[in-house]
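Below: the structure, in structure tokens.
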Amino acid sequence: MSYNTFGRLFRFTTWGESHGPALGATVDGVPPLLEITEAEIQVYLDKRKPGQSKYTTQRREPDAVKILSGVFEGKTTGTPVQLMIENTDQRSKDYGEIAQSFRPGHADFTYMEKYGIRDYRGGGRSSARETAARVAAGALARKVLGDGITVRASMVQMGSHKIDRSRFDWAEVDNNPFFCADPVTAEAWATELDAIRKAGSSIGAIIEVVAEGVPAGWGAPVYGKLDADLATALMSINAAKGVEIGAGMEAACLTGEENADEMIPGRDGQPEFQSNNAGGILGGISTGQPIVARFAVKPTSSILTPRKSVNIKGEAVDVVTKGRHDPCVGIRAVPIAEAMMAIVLADHMMLHRAQCG
Amino acid sequence: MSYNTFGRLFRFTTWGESHGPALGATVDGVPPLLEITEAEIQVYLDKRKPGQSKYTTQRREPDAVKILSGVFEGKTTGTPVQLMIENTDQRSKDYGEIAQSFRPGHADFTYMEKYGIRDYRGGGRSSARETAARVAAGALARKVLGDGITVRASMVQMGSHKIDRSRFDWAEVDNNPFFCADPVTAEAWATELDAIRKAGSSIGAIIEVVAEGVPAGWGAPVYGKLDADLATALMSINAAKGVEIGAGMEAACLTGEENADEMIPGRDGQPEFQSNNAGGILGGISTGQPIVARFAVKPTSSILTPRKSVNIKGEAVDVVTKGRHDPCVGIRAVPIAEAMMAIVLADHMMLHRAQCG
Amino acid sequence: MSYNTFGRLFRFTTWGESHGPALGATVDGVPPLLEITEAEIQVYLDKRKPGQSKYTTQRREPDAVKILSGVFEGKTTGTPVQLMIENTDQRSKDYGEIAQSFRPGHADFTYMEKYGIRDYRGGGRSSARETAARVAAGALARKVLGDGITVRASMVQMGSHKIDRSRFDWAEVDNNPFFCADPVTAEAWATELDAIRKAGSSIGAIIEVVAEGVPAGWGAPVYGKLDADLATALMSINAAKGVEIGAGMEAACLTGEENADEMIPGRDGQPEFQSNNAGGILGGISTGQPIVARFAVKPTSSILTPRKSVNIKGEAVDVVTKGRHDPCVGIRAVPIAEAMMAIVLADHMMLHRAQCG
Amino acid sequence: MSYNTFGRLFRFTTWGESHGPALGATVDGVPPLLEITEAEIQVYLDKRKPGQSKYTTQRREPDAVKILSGVFEGKTTGTPVQLMIENTDQRSKDYGEIAQSFRPGHADFTYMEKYGIRDYRGGGRSSARETAARVAAGALARKVLGDGITVRASMVQMGSHKIDRSRFDWAEVDNNPFFCADPVTAEAWATELDAIRKAGSSIGAIIEVVAEGVPAGWGAPVYGKLDADLATALMSINAAKGVEIGAGMEAACLTGEENADEMIPGRDGQPEFQSNNAGGILGGISTGQPIVARFAVKPTSSILTPRKSVNIKGEAVDVVTKGRHDPCVGIRAVPIAEAMMAIVLADHMMLHRAQCG
């Protein structure tokens, strides 16, 4: 796992900037003979694509993926799969202001401190466009996992407003612009986000991602823990500030009696768990229960309200970020979260097969 | 980063089970000419050592570290440093019950599912004893960082009871058995944990770890993000269920205006931040502000109250875990968290030096 | 170092098949602020390019490299550099025969055994076209090394015919189609290879690659040895069957007295070596002398003489490989060898800086 | 693969210096449920052990291995296996001379240049004692491979004196002190090495290592090639200067017709190869034929004849290395070569299973 590479055996490297000619993912270690088409990958990219509703950035990109290698006559060959997405909406504009100043809460400042140079156009490498490459790689990961494993995500909180768990229905996720499993809350969010958007402001969110069908035994002890890998996978998503597995931060409030997921004899010799505070992972290894993770994303730092900052000369400036931005980046984080979960699981499926046959 | 290895350049591998003859860490990539003694490492091990107060397990181990390699005439040589800790209190007892049944909320079940075998004595590899090796490696990491960087942690919540931030004082951390920066809350916790311990129960906690003196520019974009590495580092600690950077999960509730850490011109040409919601990291790279992380640990699953479970034949059993256990594993997680933070930072210091000179 | 990735810190991943739309290298870990243009990279690609003389395959490809990311306003930004080369001469032809049979001495058979599928068009991933991506990455590695380090290679043996070391002159390398530092031998080879080419046969070769200006101290003990890394780098080149450092296989014949490279006091406090049997590397670490490596490549397996083989049904067939092939792949291995040497050195420069400051 | 770690999935890290308290290998990724005892590992260590004949160093070490972790009730558990060997014959002596001067042809100089410090006692980390840890790890690798795969090595050349291939008999290897498959040559070597030893000199050698029973399909394309991994594995052995696969450096002399290993239909649908110039590897992937590798080791640099060198002050000195040294390090390289071959194969067996099921 180096700077721009994720995974051990199912392993991908992303490249490309927001306003360069293209971006992509080189996916290495893909098992051979998986049937895959550009159209199948495109389905997931279309979910992430900007401009789908008034709640996401109005940048209009087809985000059309091309498979440049590793697939022959419709099947993976075991060699690296290059997934490329050309940037088409590189709106020419004056970057003078953004080139000279650091947006508060943005990577502008730290990239400059680290490298002494940055591609300031649209955020360059720190732009959320990088995540298109992840979503494309995630489609391949799903192929590795096969039909028996389902990976789904829902936005479960926007600002302080949480969903009502009693209304949770996966079937609702694609029926509203928030990828929200609770349609009633989704409607309320629509009103709230309209106001935020019109005010030129932004808001944070929490996304929950769940994998069902994962057998017991995937993962590894100590530093290759399934939960530790999920933590880095989700924290690597732009704007993420917190990651939870199962009970998450609330685990602090539980007693040993409350926390213990009791087991009773179940079908096929497998135990039946009575609860899932563990989020499907114990000692870094899957239990056979659904894998449940959540992560919080901060509000986008690109807002219309002026914020105090400094420019590259170190002088005081007020920064206002015009342009096309997501008022709630949590929405488009939903397909990204699914992709990262699928990628971590595909990697661990292969790791488990390697060691335990 | 493989099963039992952590880090890229400052890189350590731990080995050893709870009730085997010894455990240790092989630390590779250590810069040469650092002065280090066993006594300096021992200081940190003594903080983590069990039996320090009535609030931690009464297993009595000296946890004496031996340097077996990589140090010559008091200085590191650049070759791997082997840090070994012999297990001395391997109390002989009948493991029959624990060998046959799976403790709910424990790795017993998943290790067996994965490997078809487990060293059931004291939890084997999934025992918190593994963390002694991390603490030893962390002492070396501090040497790499040097005196200009301070890494400190405090327990900030036990159960639902949080500290009062207005009383936060690092100097108090070593004055109470909870490594708590708020002495008043520490006293209240003492009463609460006494009751929990006597009831044979256990409770979760939240630990905050802070690094000061880290310059701007450490970290890397996308998959080698400093925050993503901290997430995996802290989530890899036994019992961890959630990790936060800066505002953490609460970032979901913030607006863009609230979240933006404004900057004004400061000393030495560096900006002065007006807040630290970012926790010292933007775009995966340090800002120069304190690095702030928190993580939640669940209550230990080893409790006296009977819990429903199954045995290795799949039959229903009631499990009661006798023996010497921590009523709040969060306490001893404090020095472990410091070690993991120091290790991540040492690795990133070296990574940064490699790429940016 | 995974399937299609090479290097630790200066780290590149190649992708693409011989007859797919494109191939390339994703180069990660590149230091920022290096000035680089497509034209500078193209110089090295042009050396490797087929069709330069009658002694290399007549496939005509411009091998024009495009920088798709990681370079902004003429300088590297520290983010991954994508170097893409489009395949333009994908001559449409009937692959029926090659698709059904395994060429002896070729990867056809083993790819099929491993993956159960192969892109048989032009060798797919096992084609030497993959090395174009290495050469492109090598140009970046040279930038990392800077002007003080020179990496040059020469073909030193074709068949059994070795060069005359007394005539060795680096300046001659670009004056003949063999990249040979001995112009007299190059002329003799021309006659010999003409005959081989006309007979539809092929011949092996040995290439020597030398780096000058490398300071003492690069490399690492035991498993990150500079010579062990060069060994894997050169053996990974298509058709390579042997690798030597310094005295190489002949070291077996030496006595301790002969082998010892004596030292006398030299300038600047550095010792002056009296010989270089070590090839500039002792204990895996550079001595400050020139780094000298050699490797042998087998003759291409694509020849006009019928060879016994089997087809994919396991039936006996005679295989004749028509088409455009190099009678001596050693020629085009010269720029590839330089690239791999430069890449290994750039990686070790960064590794050394990381650990030893 | 970092400084002191080898392998991807079957992955070991060695630690320890020649004259420290102990050395060892931490072996990670070992499949569970393999039966292993210290006695089984000891068999291989005893082959490598010094003092077995007058042709190896007279240092007397039992080299007794202890399993400190990862094995429970005689079986591997899937957790890291720590194999420790205590150093017992750390003869106290005056290291003054060796501490102040650099032995020509030895790592003394380069370690000092790199690290600014070195453990000069017995060569420290660059001592061949490190290879004891490899041999121990190799015993575990053989368990992973199972009984169907045989890994054997023979010394095939000492100085310029090669074995007679017509007398090659694996059964002879353990009947002479040279691990030589040709007993007649072994006798001649005995006379020759006696003279070299008495003269205080030393001599180089070539070792051949062969694996039989490896199925077709192990290995990986491009940078994870089986031959490239063998190259780094063998070149990482102390004193190695050259590595060959199959025809090796002689491949340069072959024509395409000679080199092509023809195939005819064989049993079980697998082709029968008519020759093995490829050394059992094509395109980086095993063919099903025996894997054949060779490597040359230089003569030990520790000789009685004075050699010109410099001391740590940069002054001219004459160096004579007294003490207990191997006149031909090639002898003890035989079990090390077997270990490294077994380790590479175990790793690739697991990699293949991971990707291709």
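All chains are identified by letter, namely A, B, C and D, in their written order; residue positions are counted from 1 within each chain.
The rule we apply is simple: a contact is a pair of C-beta atoms (placed from the backbone, for glycine too) under 8 Å apart; a residue touches a chain by one contact, two chains touch by 3 or more.
Quick caveat, the model's predicted, so the values are computed rather than measured.
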Interface numbering overlap (same over half, different under half) for chain A and chain D: same
Chain A on chain C, rotation in degrees - Cα superposition, rounded to nearest 5: 180
Contact-richer chain pair [B-D vs C-D]: C-D
For chain B paired with chain D, centre-to-centre distance based on mean C-alpha positions, whole Å: 39
Where chain A and chain D are represented by their mean Cα positions, the distance between them in whole Å: 46
Chain C-chain D separation of Cα centroids, rounded to whole Å: 26
Per-residue overlap in chain B, given as positions that touch at least 2 other chains: 2-5, 8-9, 14, 29, 32, 78-79, 114-116, 125, 221, 356
Parts of chain A lying in touch with chain D, wherever the complex brings them together: 9, 29-32, 78-79, 221, 350-351, 353-357
Chain C to chain D touching residues, read off their complex: 1-6, 8, 14, 102, 104-107, 109-111, 113-116, 125-126, 130, 157-160, 196, 201-206, 216-225, 227-236, 240-265, 269, 271, 274, 277-279, 281-288, 296-303, 305, 307-310, 314-316, 330, 352, 356
In the complex, chain D residues that touch chain B: 2-5, 8-9, 11, 13-17, 20-24, 26, 28-29, 32-33, 66, 68-70, 72, 75-82, 114-119, 124-125
